[in-house]
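In C-alpha cells below, several structures.
Below, chain A partners chain B and then partners chain C, in two separate complexes.
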Partner chain A sequence: MTKSVRRTINVELLNRLRDVLGGRRVSHSHLDLLNYARDLWPRSLIDVSRGELHHLPDLIVWPETTEEVSRVLRVCNEMRVPVVPFGGGSGLTGGAQPMCGGVVLDTKRMNRLERLSEQSMLAVCQTGILGAKLEAELNRKGFTMGHFPGSLGTSTLGGYLATRSAGQAATLYGKIEDIVVSLQAVLADGTVMHTRTAPRRATGPDFNQLFIGSEGTLGVITRAHMRIHLLPETRAFRGLVFKKLSSGLEALRLLMRAGVRPAFVRLSDEEDTAYTMNALGLEVKGCLLVLVFQGRQTLVELENEMAINICRQAGGRDHGDEPAQHWFSHRYAEYYRQSPIFADEGMIIDTVEVATTWSNLEKLYKTVRTALAKHVTVLANFAHAYPEGCSIVFTMLAKPEPDDGYKLYDKAWDAALNATLKAGGVISHAHGIGLLKNKWLQKQNPAAFALWRGMKKRLDPNDILNPGKIVLDGEAAC
Partner chain B sequence: MKIAPSQASVGMLEELANIVGEANVSTNDLFRLSYSRDLNPVSNLATNDGRFGPMPDVVVWPTNTEQVVAIVKLAAKKRTPVIPYGAGSGVCGGTVPLRGGIMLDLKKMKRIIELDETSLTVTAEAGIIGQILEMELNRKGYTMGHFPSSVYTSTLGGYLAARSAGQLSSKYGKIEDMVLGMEVVLGTGEVMQTAISPRCSLGPDWNQIFVGSEGTLGVITSATCRIRPYPATRRFASFIFPDVESGVNAMRLMMRHGLQPSAMRLYDELDTVLVGTSSKEGESDDSFLDFLPVSQFGNVVKSIVPGLVRRTERFFGQRADLINQLERFANKGNLLVLMFEGDERQTEEEHMLAAEICDKSSGRDKGPEPAMRWYKNRYHVSYKQSKVFYHGAFVDTIEVASTWRKVVRLYDEVREAVKGLAFIMAHFSHAYLDGCSVYFTFVSAGTSVDKAEQTHRQVWDAAMEATLKVGGTISHHHGIGYTKARFMADEHGHAMRVYEALKREMDPAGVLNPGKMGL
Partner chain C sequence: MLKKFHKEIEYCTYCPKLCRFCCPVGNASGNETLTPWGRQTLLHLVGEGAIKWGREVALNVYRCTSCMLCREYCDHELEIPKVMEAARIKAVQDKVQPQEVVEFKNFFSERGNPMGDDLQARLRSLLPASLFNPDAQVVYFPGCVMIYNYPQTIKNTFRLFEAMDVNYVACYDAEVPCCGVPLKDHGYHDEFVENAKKLEAKLKNAKVIITGCPSCTYTLKTVLPEVGVQLTERIYHMSEFLAPLIAEGKLPIRRPYAKKLIYHDPCYLGRYLEVYDQPRNVLNEVCREAVAEFSWNRNKSYCCGGGGGIPVTNPVMARDIARERLAEVHEGSKKSLVTACPSCMRAFEKADDRVEVLDIVDVLARTI
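Moving on, here comes the complex of A and B:
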C-alpha cells in the first residue's frame, strides 16, 4: 500500500511521446510509476518500509536510439516537462528521484555493445547497457573494461558516466573518467553533440568532463567509446594483517609510492576485519589488507613479491591468499543485502565514502569515525588507493526506534559530512551528490556549485533535465 | 620601425599601478614588442620581415592572486582584453594580443607553496618555469615527470592552460592527469579553488574545463600536481623496423600488454636519418633534430636545400617533393627508441617483454645507444628553430593523433596532402592503450614573407583537412591559439555550443584572451 498520489495524465504529452516511440514504449501504469519513483538511496528504503513514495513520475519512456532520445527531449522541452534520465536505478544518493514528476527516460533499451575495436582497444556502447552484461560480452572476446562498482549487476554505463563512478579495480584500470574516450550526449533542446574519439586531444577544455558527474542535469549521455584491456593472464591474491591501522595505512601508501599497482586493494579497520574474518570462520585481531594483483604472469609475481616485502617491513603478517580469495569471491554481495536489512529487520545501513590525501587520511578517518560513532555502529575500510591518497568507506549500521528512522539517518549523515568538511576531506569519492549531498556540496565548494548551476541555466534554460537537484538551500525544487 | 602607441588610458594605467605597484606596470615599447608574439611560425616570419603584429597596450606583473583578481575586475569593467601570459613558448599564437589590452605576465608568481612528500603532491604558483620546478623536485628526490621540449622556457600555468603533454607522458601522464586541484580567477574576478583530493565525485570536473582553455575562461594562478619519486633506474632500448606499419604495430602491442615505457618514439625514415641510428656514443650528436637540413643531411641535402631560399615557390614545390623522396635512398629503416623508468626489476621485466614484442614485429635490436642519444638531445628541438627563419625558410610542426586503427592512414594521408608544399617527416610518440600521436615536422620557404605565409597556411589547411577526414584530432598537445582556430568548428561540431556557454558563464564581459579558440 502506498500513500503516493498520482497526478492527472497530460494527454497531449502522452500522445506526442507515443508518436515518437509507439504505444508500447510509453507507460503510465501505476506499477511502473512506483518502480521509477526512487533509486537505491537508503533513505528512500525507509520510505518504502513505511509505504510512502513521495515523488512519482508521470510517464516512463524507453527510447532505443539517440535519435529517439533527441525527439523525446524536444517534445519535453517544448512542453516544459521534466525529464529524468534513468539507468539501473542503483544510485545511492537519490540522484534519479523524479523530484518534479514528469518523464522518466529509462535508457536500458539502449543496451547494445555496438562495436569492439580490438586494435584500438575500444568498446563502442549505447549507455543503457548493464555493467555486468557489457563486462560479460567483453570477457567472451578476451577483454575487460576494468570497471567494477559494487552495483555491477544492476547499473548501467550511462549511470557510471553520469555519476562519475569508480570501480573496485580503479587503482589499476582507472576511474570512469579515465576509461571513457568520447561520448555522445543529447542536450535539453534535443541537440545531439559528441566529443571526438582520439587517445588524447589538446583542443580546448575536455567537454567529456563536464557531462561526467553531471547526474542528468546537463544532458543525456547516449553513447560512449570506452577503453578496454586484455583479460589478465593471471591473478595473485594476498592477505596481510597489521596490528595497528596506522601501520596498514603506511604499508598501503608505500605500495602506491613504489609503483606497485594491485587491481583490488582494501584495508579494513579492526571492526571491519572482525566482520570479514568472522564470515570466513577465522579469528584474527588487527587490520586486514587484501591485495589482488592481475596482469602478465611475470609482472604480477614481481608486484606480489614487492608488496609482501613492503608490508612485512611495515609490520604486516602474511596470511596467504585465502582472505583475499574470500573477499574477491564475495565482493558484490554487500550491495544486495541492504533492502532486506531495512525491510525485514527495521535497521538502517548506508555507506559514507570520502577521500583525501595521505597526509590527511588518518585525521579524516578519526574525525568522521568519532562523529558517526555517536549515532551508529561504524565499520570502515580503505579502498581505491592512489599514489596521492585514498578513499575511506564507512559503513553505518543502526536499529532506530520505530518512526525514528529518518531522524537518526539524517543525524548520522550530518555528523559524518560536517566532520568530513572539518577534516579537509571530499564529501564524495565515487557515489556522487544527488539529493543526499546537495547541501554539503554548497559548503565544500560554493564556486563549483555556482558554476554547475550556471551551466545548467545556459544549457537547459527551461530546467527540464533532472530538476530539483543542485538547488540552493531553501530553494523550492520545482 | 614604428610601433603604434599604447591605447591604455592614463586612468587605467593609474589603476593598474595602484594594484601591482608602478614598477610592475609597463607601456615601454620594447616590452610591448616582446609580448606581442609567442613562438608560432607566423609571428616568426613576420618578425624576420620587420613587421609587428598586434601589440598589448600595457604589460603587468602581478605577484599574488588578489592582484590578479583586481586586474581582471578592472579589465572587465573597462571592457579591455586581458591575456594571461607564461613564458611565451606557445606555438599556436595563443598569447598573441589580437585586440590589444593588458598582458598579464604571471612569471612573478613563481613560488613553490608546498611540497607534500607523504602525499606526493606539489603546490606551486602558475608562473614557475617548468625546469625550475623540476630541479627543485629533483633536489628532494622527486620528479613531476612533465617534460615538454620547452621545459626551460614554459610555465606550470602555461602547461595547464595549453593542455600540455611531455615527452614521458606514456608513463607519467599528461598535464590533465597530473593536476589534482587548481586556483583560477574567472572573468568575473571570482576565485575558484577546486577540491584537492586524489579523486572525487562532486559533479563535473572543473579542472578539466580550465585545462586547455588557453586563457579564455580564467587565469590559472596556482595548482597542486602529482609528483613521483625520482626513478631508481633508467633503461634504454632501440629497435629498427623495416616499415612504419611494423613499428606502429609493436608500439600498439606494448601498450596493449600493459607496458609503461616512459618514452616510446618511432621515427619514420627521414626522421630516422636525422636522429641517427649509429650505436657509437657521441656520433652525430649535434645534428639531432637540428631542423636545419643544411647541416643535417650532409652532402645529399646540402646541394638541394639552399634552393628553398633562393628559388621560386613553384620550383620549391617540386623540390619539396624531391626531398620527400629522399627516404627511398635514406634506407635507414624506422627507429624506435624506448626508455623505461622505475624499479630495477620492474623495468628489466618490461624491457624483456618489449624486446619480445619488437622481435615478433620484425624489429631489429639496436641496443641502448640510439635511445640514450635521443634522451641526451631531447630538448634541442625547441631552441633551434629560429635559425631556419634567418635563412628565409620556415619550419613548423603538426601534432595530430588518432586511435591505432587509423594512425598509419593518418600518417599517410597527411604526408600525401602536404608533400607538394613542404618537406615533411614524422615520428609517432605519446603512445596510449588506444592510439598515439603523429608529430610532423615540415620545412618550406617562399620568395617573400607573404608567399611563405601563404604556403604555411596551405600546408596547415591541407594537413588539417586530411586529419579530420581520417578521423583524427587536430591537436595532440600544442593546442589551438588563433592559428588553428579556424579548424575548431570541424573538430568539435555541436560541442562548441558547450564551450560558448562556458565562455559566457565564466567571462561574461568577454575580456579573457579574446579572438582565440574559434570562440
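Moving on, here comes the complex of A and C:
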C-alpha cells in the first residue's frame, strides 16, 4: 500500500537503544518514520505531494541529556548505524534527510534554557530548544539573543549552529557563529568535548568553528553558551526608495562604512519591491530599502538620522517610517505563502542565498539573476549587510509541468550555483549545504574540501554521522 | 477522506511548520508527528493512498488538546482542532479509535456523565432546595467537572449572588449534568447529539444561562446550534455575568484579596469565546496587588493540557503540558494561580501539588 519503503527493524539496535532511553523515547512507528523522512527542502514538497517519501529512518530517538546522546552514539558507532541529528527539521537543503536510513536523533527534548548570566551576558542552553521559545524566555527576562531567522518558530538552536544560520538582524547582532561563545559536542564514538567559555582566546584553532556549520557530520552539538543583549529600549523605522538598484547598494555600503548598524536591512530589487513588498500591502515603485534600528534611544536616533542623510545623498527618496514599520510587522508573512503557492498554484518557491564583497556584489547579482531567469521567475533582495559585503537572497518561483518532477527545479539550481561560482560568490550565506549544494562546495574550494574529508575520516572513521551530507554525494555514501 | 478540510490538510502539509513552537503536544513530546504539520501530513498521505487510514493514524488525531493556539500563529487562520474533531468522528465510525476512548465512552454511557458519580445528588446536597427552581428564567449551569471536583466553588457562586442581592438565579438540577463536550472531544458525534437533545429538554425554558465552565459556555452557545439544538442566545460564562455587577459596585468587599495572583486564560474562554477582559477586571476590583500575567497570555495563552481528551488518552502528556505552563508560576515571588475553568484547575492540580489553584469565584468569595 505505502509508496515508501518499509525497512526491516534491527531488533538488537532497538533493544540496545531502549536500554539507554527506555521504550517511550525510541520509536519505530511507521508514521513517525514518515514524518522524519523529510526536512523543508522544497524538493521534498514534490515527493510528499505524491505520497512518495523515499528516505525513511529505521528508528527515532529522543535523548534528554548529553550523557544519553553519548550513549546512543556509542551504540550506533559499535553497530555501524548511521545517525542523523535532527532539530526542527526546518533546513532547506535536505541536510536532515536520513539518506542512508539509520537512527534519527531528535534533540527537541533537550530544550532547556539552563542558566542566564546577567553579569556575563550569556545564556546557557540545551541545543534542542526552539528559537521562538528561547527568544520568548529571554525576552521575559529582559534580554534577546538577536537571532531571528525566518524559521524562528520551528528551528532549534542546534540547527542554527549546525548550519551557520543567519537571522534577519544579523547586521547588528551577527550570524550564529558570532553569537556563540562556547559549546559542548558529542563525537561519533561518544566522546564529549567542550570548548572553554571565554570572551576571546588564543589557544590554537577555534574548535567552536569546527562544529559550527558541520551539519551533524562531525558531532552532535548538545549545549552552548550564547551571547545575549538587553532588549531594545526603542526602535526606529525608515523606508527609502531608489530609482536604481546600484544607488541603493551604494547607500548600503556607505552606511556600513560609516559604522551605522541597522538591526534589520532589506534592499529589494525592482521585481522584489513589486512582488513581495506589494504583496505585504506596500505600494512602492523602484527599489525599496527598509531599515530598522533598535537599541538605546540616543544611539537609535543618531543612527536613523545618519542613515537618512547618507541614503539621500546616494539618491534615495525618504518615505518615512511606514514602509519599514509595515515590513517589520509582516516580516514572517512571506514564509506562510509557500503553502498556497504550492497547493493552489502548483509553483515551488525557494531561495538561493549567496554572498560576496561590495566590490563584486553587482556582478554576482547580474550573473546569477541572468542565469536563473532563463528557467524561473526571479526576485532578489539584499539583506544581512556587513562592512565587507552583503548577502543576496534570490527568490525563485518555478512552475514545473505535471510530469517534470525535479527537472526544472534542479536546472534552476544548477544555473544559479554555476553562475555564483563563475562570478566569485560563495554558494551559501546561511542555509548550509546538505544534499543540495555539496557538488558545488567541492568546486568552490577543492583544497578545503579535501581537508574536510580528512577531518571527517579522523573524527568519524565509520562515517555514521549524517552520511551523504556536505562532503559526500547523497546516496552514494550509503 | 475529510474532503471538507482539503485546504487545511494541504496547507499544513506544505507549510514550513511555522506554528510548531506553540503546539503544547508537540513541545511536550518533541515528536514531529505530534505537531499540526505532522498530523496533517499523515492525513494527506492517507488521501494520497500512501498509508492506510486505521488505528495507528487515528491514535495521532487524538493527540491534540484542541487549544487552538496554532490558529493564532497561522496567517491562513486554519483551525486544526476542527480537522482533528472530524477525523475523530471518522475514527469512531470506522471503529479505529483508541481503546481508552472506547472505555471512556462506555463509562460515560453507563453513568450518564464522565465522572461516574451521581452528580445530581451531589449538587443537591450542596445547596438548599429552594435554589433548584425548574421554572426559573435565569439558570446557573455548573458543569460536571465543577460539580465533581469543586463543590466549594459552586457554594461560593451562590454566596456571591446572595451578597450582591442577585436572587433570581436558580441552580440547574443536573439531571443531565454534562454539556457533552467530552463526547465531542472523543469523536462520539451521535452520542453528543443525543446528550444535546436531553439538555434541550431541561434548559429550553431558560432565558439566561450562566455557566461555571468555559467549555460548557462554548458548547451550549455555539456547538449545540450546529447540531440543531438552539437554547437561549443569552449564555454567559460566570466572569461575563459578574463583571458588570462588580463594576457597578454590587459586591460588598470587606477585605481586598491580599495574596499575589497570576491569571491563566482558559483556551475555551479566551480563543473560543474571546473573553479576556472580564476575568481580569473582576480580579483587579478585589485584589490589593495587580494580578500578574503569564508571558503567554490572552489570545496567546498556553494550554493547561486538560483539553481535547488528552488526560484520557495520554495522561503523562497532559501532566507535562501543565508543568510547562506552571514553570512560570514558580519564578519570582510566591503566588497562587487563578483561572476561570474547572478543567484547567484540575489539570494544574494533578500536575503539581505545590501550586495553589483557584477559580475567580473563590477569590471573590474570600473578599466578602
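By definition in this document, the second predicted complex is superposed on the first by the 459 of 478 C-alpha atoms of A that agree within 3 Å, B and C clash if a C-alpha of one lies under 4 Å from a C-alpha of the other, contacts with A are read in each partner's own complex, and residues count from 1 in each chain.
Keep in mind that, in the parts below, a contact is a pair of C-beta atoms (placed from the backbone, for glycine too) under 8 Å apart; a residue touches a chain by one contact, two chains touch by 3 or more.
Just so you know, these numbers come straight off a predicted model, no measurement behind them.
Visitor: Going by the contact rule set out at the top, does A:L436 touch chain B (first), chain C (second), both, or neither?
Guide: neither
Visitor: Determine, under the contact definition given at the top, whether A:H194 touches first (chain B), second (chain C), both, or neither.
Guide: first
Visitor: A:L372 contacts which: chain B (first), chain C (second), both, neither?
Guide: A:L372 sits against neither chain B nor chain C.
Visitor: Between chain B (first) and chain C (second), which, if any, makes contact with A:V426: first, second, both or neither?
Guide: It touches chain B, and chain C stays clear.
Visitor: Counting residues of chain A touched by each partner, does chain B or chain C come out ahead?
Guide: B
Visitor: Taking the superposition on A as described, I'd like to know which of chain B and chain C A:F211 touches: first, second, both or neither.
Guide: Only chain B is touched by A:F211; chain C is not.
Visitor: Touching A:K175, do we find chain B (first), chain C (second), both, or neither?
Guide: first
Visitor: A:W452 in the overlay: touching chain B, chain C, both, or neither? Say first, second, both or neither.
Guide: Once the two structures are laid over each other on A, A:W452 reaches chain B alone.
Visitor: After overlaying the two complexes on chain A, where does the chain B footprint on chain A coincide with the chain C footprint?
Guide: None.
Visitor: Quick check on the complex: what are the chain A residues that touch chain B?
Guide: 117, 119-122, 163-166, 170, 175, 177, 181, 187, 191-215, 218, 227, 229-230, 253, 257-259, 295-296, 298-299, 302-303, 306, 355-360, 384, 386-391, 425-433, 441, 444-445, 447-449, 451-452, 454-455, 458-459, 470
Visitor: Which chain C residues qualify as touching chain A in the complex?
Guide: Listed in rising order, the residues are 7, 10-22, 27, 30-33, 38, 41-42, 44-45, 48-52, 56-57, 60, 73-76, 295-296, 328.
Visitor: Going by the contact rule at the top, pick out the chain B residues touching chain A in the complex.
Guide: 116, 118-121, 162-165, 174, 176, 180, 190-214, 217, 226, 228-229, 252, 256-258, 342-343, 345-346, 349-350, 352-353, 401-406, 430, 432-437, 471-480, 488, 491-495, 497-499, 501-502, 504-506, 517
Visitor: Looking at the complex, which residues from chain A come into contact with chain C?
Guide: 1-4, 27, 29-32, 34-36, 40, 45, 48-53, 60, 62, 88-90, 106, 108-109, 111, 128, 130-133, 136, 139-140, 150-154, 332-333, 335-336, 338-340, 342-343
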